[in-house]
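A, B and C label the chains in the order they appear, each numbered from 1.
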Amino acid sequence: MNLFSFTLSTGKEGFYDITSMVNDAIQTTHTSRGICVIYTPHTTAAITINENADPDVQSDLIYALNKTYPDRPEFKHMEGNSAAHLKSSTIGCSETVIIDKGELLLGTWQGIYFCEFDGPRTRKFYVKIIKD
Amino acid sequence: MNLFSFTLSTGKEGFYDITSMVNDAIQTTHTSRGICVIYTPHTTAAITINENADPDVQSDLIYALNKTYPDRPEFKHMEGNSAAHLKSSTIGCSETVIIDKGELLLGTWQGIYFCEFDGPRTRKFYVKIIKD
Amino acid sequence: MNLFSFTLSTGKEGFYDITSMVNDAIQTTHTSRGICVIYTPHTTAAITINENADPDVQSDLIYALNKTYPDRPEFKHMEGNSAAHLKSSTIGCSETVIIDKGELLLGTWQGIYFCEFDGPRTRKFYVKIIKD
């Protein structure tokens, strides 16, 4: 099938490193070359790729996103989470990564992150593999 | 060919739900599994995926994008639409969606939107299908 | 292999037009139809698609990104480049473009840009082609 579904329990907000889960999917399918789409079906979450070494990068990103996209008194959406919807569209609900020699072709400092903007919730993401 | 072109008439700014048009392309090609790229060839528009239920989400997003990316007196581009160019690069000119069981694998609350940041105009977007 | 690696020398910050390099990769592989992923393995850089005509658009984008995502005294990451990491996640480290009739299916005014947010550095990006 080349399609995998993963579940995640999140806190109020945060970046969750899902790189090893994506790698597992690639190993399972014995894919040596192709691309891979990591996709979340939620509208107040996102997928991004960023530094995997210093956890301060993730907390700085969350801090700055909250400053850049604050809750605004003019928002009309009754659920009160419009800022989370905006972060989702800004960061984006998917990433596409190249697969080469049986592995994700990530940079040395790159990790794949699930971004929670309106938790805590049980969340899902998909990994779809397209082989060469 | 697995490539489709759609035309849209837009207002000054707004989010336009194009989910059913993308679904039609998938039905036409009888694709059961794969991925699908939705792409707009314009530089002051974008494609995003966000909530399809409450229209207040879309108006909140437009409101907040205008606050976050205002027109600035320092902008030099003579056409006067640099803020629209910035929104286009921030939201992005394409989305990639997984196809499974003959349908887009969207979340319950997800719709695919064409975002107009500098209308009114006649706009185009493409749907390209890659089958498994 | 359908996978190409390119190197780029960047300044402090800037948008670099890489469209012709991506087109060269497509010519080399004699791809008539498919998609193409342009991906950078760095966490303080990005790939975007925007106007290729007036260079003022690129300088306006850089100006506005610096205003929107300033360096903040609250940032904890010791390298001092958290703003560049945020710009990377906002613009995104890849773009997916459709290939048709042997060429990138770009809009008239669209060019593909490598975005440097924390140079000067020697940078890399990959082009991966998926044929129909």
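Going forward, contacts are C-beta pairs under 8 Å (C-beta built on N, C-alpha and C of every residue); 3 or more make two chains touch, one makes a residue touch a chain.
None of these values were measured; they are calculated from a predicted model.
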{"item": "Arrangement of touching chains [line / ring / star / complete / other]", "value": "complete"}
{"item": "Fitted rotation between chain B and its twin chain C in degrees, CA, nearest 5", "value": "120"}
{"item": "Chain copies touching (chain A, chain B) - same or different residues, decided at half shared", "value": "different"}
{"item": "Separation of chain A from chain B, taking each centre as the mean of its C-alpha atoms, in whole Å", "value": "20"}
{"item": "Multi-partner residues of chain B (at least 2 other chains)", "value": "68, 90, 92, 96, 130"}
{"item": "Contact set on chain B toward chain A in their complex", "value": "33-35, 48-51, 54, 56-57, 59-61, 63-65, 67-68, 90-92, 95-98, 100, 105-110, 130, 132"}
{"item": "Complex contacts: residues of chain A adjacent to chain B", "value": "1-3, 37, 39-43, 68-69, 72, 74-79, 82-83, 85-86, 88-90, 92-94, 96, 126, 128, 130"}
